[in-house]
Amino acid sequence: MTAITPTIPLDAPGKHHGFLRLPHSRNDSAWGSVMIPLTVIRGGDGPTALLTGGNHGDEYEGPLALQQLAWELEPAQVMGRVIILPAMNAPAVAAGTRVSPVDGVNMNRAFPGRADGTVTQKIADYLATVLVPAADVVLDYHSGGKTLDFLPYAAAHYLDDADQQAACVAAMRAFGAPWSMMMREIDAVGMFDTTVEQQGKVFVTTELGGGGTATAASVAIALRGARNVLRHAGILSGPVEGAAAGRMLDMPDDACFHFAPQGGLIHPLVDLGEAVAEGQPLACIWPADRTGVAPVTVHANRPGLLAARHFPGLVQTGDCLAVVAVAVD
Amino acid sequence: MTAITPTIPLDAPGKHHGFLRLPHSRNDSAWGSVMIPLTVIRGGDGPTALLTGGNHGDEYEGPLALQQLAWELEPAQVMGRVIILPAMNAPAVAAGTRVSPVDGVNMNRAFPGRADGTVTQKIADYLATVLVPAADVVLDYHSGGKTLDFLPYAAAHYLDDADQQAACVAAMRAFGAPWSMMMREIDAVGMFDTTVEQQGKVFVTTELGGGGTATAASVAIALRGARNVLRHAGILSGPVEGAAAGRMLDMPDDACFHFAPQGGLIHPLVDLGEAVAEGQPLACIWPADRTGVAPVTVHANRPGLLAARHFPGLVQTGDCLAVVAVAVD
Amino acid sequence: MTAITPTIPLDAPGKHHGFLRLPHSRNDSAWGSVMIPLTVIRGGDGPTALLTGGNHGDEYEGPLALQQLAWELEPAQVMGRVIILPAMNAPAVAAGTRVSPVDGVNMNRAFPGRADGTVTQKIADYLATVLVPAADVVLDYHSGGKTLDFLPYAAAHYLDDADQQAACVAAMRAFGAPWSMMMREIDAVGMFDTTVEQQGKVFVTTELGGGGTATAASVAIALRGARNVLRHAGILSGPVEGAAAGRMLDMPDDACFHFAPQGGLIHPLVDLGEAVAEGQPLACIWPADRTGVAPVTVHANRPGLLAARHFPGLVQTGDCLAVVAVAVD
Amino acid sequence: MTAITPTIPLDAPGKHHGFLRLPHSRNDSAWGSVMIPLTVIRGGDGPTALLTGGNHGDEYEGPLALQQLAWELEPAQVMGRVIILPAMNAPAVAAGTRVSPVDGVNMNRAFPGRADGTVTQKIADYLATVLVPAADVVLDYHSGGKTLDFLPYAAAHYLDDADQQAACVAAMRAFGAPWSMMMREIDAVGMFDTTVEQQGKVFVTTELGGGGTATAASVAIALRGARNVLRHAGILSGPVEGAAAGRMLDMPDDACFHFAPQGGLIHPLVDLGEAVAEGQPLACIWPADRTGVAPVTVHANRPGLLAARHFPGLVQTGDCLAVVAVAVD
Amino acid sequence: MTAITPTIPLDAPGKHHGFLRLPHSRNDSAWGSVMIPLTVIRGGDGPTALLTGGNHGDEYEGPLALQQLAWELEPAQVMGRVIILPAMNAPAVAAGTRVSPVDGVNMNRAFPGRADGTVTQKIADYLATVLVPAADVVLDYHSGGKTLDFLPYAAAHYLDDADQQAACVAAMRAFGAPWSMMMREIDAVGMFDTTVEQQGKVFVTTELGGGGTATAASVAIALRGARNVLRHAGILSGPVEGAAAGRMLDMPDDACFHFAPQGGLIHPLVDLGEAVAEGQPLACIWPADRTGVAPVTVHANRPGLLAARHFPGLVQTGDCLAVVAVAVD
Amino acid sequence: MTAITPTIPLDAPGKHHGFLRLPHSRNDSAWGSVMIPLTVIRGGDGPTALLTGGNHGDEYEGPLALQQLAWELEPAQVMGRVIILPAMNAPAVAAGTRVSPVDGVNMNRAFPGRADGTVTQKIADYLATVLVPAADVVLDYHSGGKTLDFLPYAAAHYLDDADQQAACVAAMRAFGAPWSMMMREIDAVGMFDTTVEQQGKVFVTTELGGGGTATAASVAIALRGARNVLRHAGILSGPVEGAAAGRMLDMPDDACFHFAPQGGLIHPLVDLGEAVAEGQPLACIWPADRTGVAPVTVHANRPGLLAARHFPGLVQTGDCLAVVAVAVD
């Protein structure tokens, strides 16, 4: 049984700001807690949307858009309920790190969680057993974090249930990101996505930039996307805005992914969104500690456009250096 | 007297790759060394250029352009001598950090250094007493590093000696960055810039992006800039390329700088290069750990355009959040 | 099967000082061991008492009283056997931390342990499978540690078996602390207490101060308590001393617990043992990093007296700030 | 020249809350600042009092009393000026550590500081060259911090200038702590006290408890003391309260200090304020890692009362274990 | 199912150098990998040998001999296949530590591993389920690492299957180390050895020195041993070299092992390979922090010769200080 | 003026064990001390010898021999005085590290120290101003520590004063190590050696093995050496033992030193004491993270014998890999 208790009601009318409180005994506070910020806004009858950010603690578009939404959305505007967690993995968000500093766990590989597990597993369990079952639509924000950078896209998964897939695709298109992507996860074990989809919910996720920062442009995409998904679900009134302009991306096979054959300083030769021919040099890698050594060049395995890249100037052997995707419309 | 010895001759004809070797006794190597990579290329008669990167270890345009230059430049092309240090502060470059992990010292506040000081001070001393005196022109690359992001510009300082200043400005314009900036340092004590200028040299510095990454575009600016400065100095033949298109920036007063009044998540409202009106909101700051709290908004102290910004999604009280500069041409 | 071996016999007559030795391979000693100090004193026929301290490594009354007892108690005084572990979680005691520095595990949530688990789980397993089964009476010392401070009390649990509960209560009253407390654990999973009680033993635990220190007064309470429990069990001869003066405390419901609504500097307004009216301010919280901000005041949820408090001057959101208990006699 | 700038005027009428801002370039913020909270309250004509806390970052009575004072004191009540710095060593206060986590420097051995030194030295320099010269009376709060515990006392130093000493003693007595102490520092080099006294100011300091916590009682002493000193200086109106009851302490010689002859667990045999005879056992030290070893006993070098003690349960060889002082009235 | 993929074919003719790639998402590379170096050499028909080093990351004879072998061995020399992993636990080898810095796991207690476990468990699983099943002979190198020092020996285990044991003994003797040892593991759970033997393979392991270094002599033993085992298996042609001179060691019982009764500085009185009489002093332990204390002397439990010893100058209570073995031929 | 006080008299007859006590305020003990163990043995009239070990904290022959000597030497045997500091840099010895963990300072580059400096500088100052002036003969033990390994030798320096040099050489020969070495320091600034020699004292130093361990053989050399030096000085009676067998080594020029041209795993091809021809391969360096790359071979710059080597299996670019010395007798 979960040890987490919300400090506010989850289903009362009106707007409440509070926390999920998880007791956590540690050296610097024997009777301490992990506090996960939470806002619930309930208006008239209608479906429930669960909006989450901070699954990884160094991705900022989601937390920013959700803080704004939690601040400005009023019960009178809402037909149904909006549950907002801008910092699902609160310890990671506080630290600005991908994985939780408490237990070293990557939250997006910790689902469905364990009620008697580590802090991250306990949070995952609460989401999987309490919040997701209560939701009709779930929007989980991701960006590249400190070490990856992406073209901004919303995404849906290929699912066995065609109706569910169609509903997810419709919500993804409604989000209205500049790019949309259909994804087939190779290793979906432990993902929040999988947990939500297995409960039959409509699920949208995103990658909206990266580098451990956010821009005015990227936050605007995130905020418009949340409003659009709520409009699409009938929770907010009014038409979806600006979704028509989005383009579809595809990552058809493993050849999309390019790994660093050795470590060093990355010298990029192509920027995000630029077209790439098969065999074209994508980047060189120079040693960081000596001159006079020929760089190692990484060539494109396939044609397409650069959709994601390793962000930091230093790279290690085996890091994913570049993703070449295909624009399909 | 310096403890540093170069492993290659500094003035022999031809092209040599090696190191500055600085003995450094430490727990994991009693008779270890700090090794600073070095390339010297000497052709026919002519002046000496000293090209440096990695003054701060998380700024990548300089190291990448200088690795490329050290690799491709041949003595036959050179009228004079080119001394290249792509990683001045080699321990910081290896670690990807602004300051040296060995002594915690910010190299650009360590000049003119000390022969009997810490590792960073010893490197500064060697530059100030051996390499800078041997040079006619010095180009030192900077970018924003992991925590700042800049419009790409080359810069020169206001100097007491009008002739020297004119020579520096000419070299800065020759560099050919998209932007150029005249700077008046408030606190020039300890800077490499000051040490070089006080020895009467022609000096150019840069800020070419940031975030602890580099892009194909930013490295191209850096590389073209180095070639242009060498052409301008007569060390490489051929005309300076593309310098005409650059624009001039100015930071006329302290009102350009905007500091975070509290810590939290930064929600940027303006992006780099965008025009800003006086009083316009530049960014909001939300708490990272709770919802339902009004954001703190930072407004522009003056009109202009956004020339630099805090990069990470998390900000602390007192961090410089934004710099609003003025385009002067 | 346990990897732990005692270096002394557990049941030989006389007095033996030694260790539980647990092999532990680590970077700084491939064939190292965790050594848990142990004294066994066996005299004439009689029951076995197991006395434990250092379950949390920053709580000092237990380890001090048990060192004294292990030093002074002679077989001729003992009718039965006394097994003393003043530092159950020896790595935590050596480090002065609540949880083990070896594996980060809170020993009092690690029972009944695992023979193939982490270091703390292996110690718990040895206690649960070897030492507790051999005991008739178990006394486990706790105090507040570095982050909590308590009125000094001995405690027993509400148990399903009325006879066992009565035996525990009698032993608790015999301990003779200034306060005694009946506890109903909400989350008893993993506690040493639960493991002992489930084996049908007489169990007494304590909270005897806190702050990561001990005083002459608090150690005297602890030492008298151990002697009293041994007298009560018939292992030492002579009457129980000073138990009559103790008072009963109760924590009837969740309203006893007060959590910090935000982090900062705690300004306590009530001290331990003082009476509290419902709604009375218990403490203010000031920001640690700025002036001119109104403090947040925490008011008492219920009347009673202050029985426990957060000890360090800094507090974080969600820390238990104060416990208001009720004196029931 | 100092790099510190106040964000508020230091001498304008009214009440202003702000910061001393010290630029501090570091890996996680290239253009960051250390922000030292500051309140200035200026009313009618009169002297200037400088009230400081957080010289050591783990001592809480000063910061708490000064936050309260900064919040509640109004210009209309003030004849002169009150400058309040509740967290002089702001990085240490934020971390809850004695010395600054930025440079490892103990602020109270860093005076008179250096304008071109480390962060702590720069703060010391600003105090020594700007704030202290502007003050007539200086009150600097200390307590025992996380590792010492004191009887609560205010203190003044034996000074060469008899008039200055008398003024300081009068202010100390006005403070009204339960105890007062005349101190002769053996090693006064680097202390804030010395810097203030050498400028001819009236100076009062304190030790008001310890352990890294504060109590309702100890904060009340601190707050009353500040108000009393301001009344004594004529800055607040009304009589000094409760000062008559205080008693005088003396530490006449080095025999007052008792050092741990070996490390281990401290078993205290006397508590703060209790009378001590010469040769009386003050504490035992037991090993933390084994039983069956005789404790080492520390005996009193002289008669008196226990005025200070090592606080944590673990002690190391050479730690000051106990201070036996003499009550002189 | 394993997440590990080899970057080269495991069964193609010829010689291939590459990696086992294990995706590993971490704070400094969201899409990073653990890369385990791998060479496969396949010539004519014949058996498969799996040669592994770096099971512990601070043991060097194996990685050095296997690098040499991977470099010099050509397919034309090989009848069958040689699979070489000089750094099984690649993160530990990179860090020079016994256990993996990624998860703190001792690889030689992690078998048979878990496909959904930690990084070390995933590598163990891949070995247990893919590489070991494909092998006929397995040679796994060990040395003492940074904290132990051994006489150089190859070893085989007592096994239930007499034929398998005989085959292992023959391979051990063929290895040709100066010493050979028959081992009976007390606690074989989790060892690579056990996993290999349970699959019915011929298995040889070694201890070839220690201290976290290698010598010309010890690497020569390791390299000759690998060649000899391959010759013995018929994979290389030519006779086994120098195996006749080896001597047999035995560790008949627990009395072989001598543990440190307290911590301090070790003063060895016998060196590796020297004869020892029962009761002879093996070493003294002096305190590291004071003089004038009698040393604690450790005496031999049994006669024999010193076969292994604690290497670092500092020892902790419970560390294995010395192993006295018996030469049996 | 020094803050250090000895806890025992430095010149009283008899034998005293105690400490040099240096007050050191730190986060975990506000009134703590650094305690440097000290033994003084004074018998009849005669000179004073100062014997020191633990200048670097990971070198064990000196501390072990000096503990033994401090334990066994009796005043009746001593004509004069013997001052023994087995752990000069006590914090480094406690941590087993070359440099002090308190301030990161290498003690043997900290002389003559500073009375107002860091902990290591204060200890150096005390030695330079109190203990060395009181001595006639000084013996300072060194070994290779954790990262170097040496042939065992005693050493003296070439000095300007021929008489002083002759006295030092005579004492060095008396020490009776297997090897003796005349040294000409390139960079003698900050060394204890220099401080002692500049005060005109007879000085002997050593290098007696390495790797952060000691052997029965190496401690025996150290202990015999100390006794021999004391006999040679007339402080102990009886003849010097075994000194005749020693051989002389020389390191005539910089060509003796061989540095690693790149990092990786060291494959040694020559062992300590073996003869080396000019151009002979001394060691190879393999990458630690991949196979299939040719090793880098380091060849001997000059003929001689291998006198010292890098000890750990991993090496970094610029580490001293090998020292080839010349046997001169």
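For this structure, a couple of remarks:
Letters A, B, C, D, E and F mark the chains in the order given here, with residues in each chain numbered from 1 onward.
Keep this in mind: a residue touches a chain if its C-beta (ideal position, glycine included) is under 8 Å from a C-beta of that chain, and two chains touch if they have at least 3 such contacts.
Chain by chain, the UniProt names read as follows: A, B, C, D, E, F = N-alpha-acetyl diaminobutyric acid deacetylase DoeB.
Owing to the predicted nature of the structure, the values given are computational and were not obtained by experimental measurement.
On superposing C-alpha atoms, the copy subunit C sits rotated by 120° relative to subunit E, to the nearest 5. The pairing of subunit B with subunit F is characterised as different-residue: of all residue numbers used at this interface, under half are used by both copies. The most distant chain from subunit A, with centres taken as the mean of CA atoms, is F.
Between subunit D and subunit F, the centres computed from C-alpha atoms are 44 Å apart. Put simply, the C-alpha centre of subunit E and that of subunit F have 34 angstrom between them. Between the Cα centres of subunit B and subunit C there is a gap of 58 Å. Contacts with at least two other chains are made by residues 19, 35, 58, 289-290, 312, 317 of subunit B. Taken in their complex, subunit E has these residues touching subunit C: 56, 58, 97-99, 106, 109, 144-148, 187, 189, 259, 310, 312, 316-320. Subunit B meets subunit F in the complex at residues 3, 19, 21, 23, 25-35, 116. Residue ranges of subunit C in contact with subunit D, taken from their complex: 17, 19, 35, 37-39, 58, 60, 63-64, 66-68, 70-71, 84, 86-87, 90, 93-94, 96, 149, 211-217, 219, 265-271, 274, 286-292, 294-295, 311-314.
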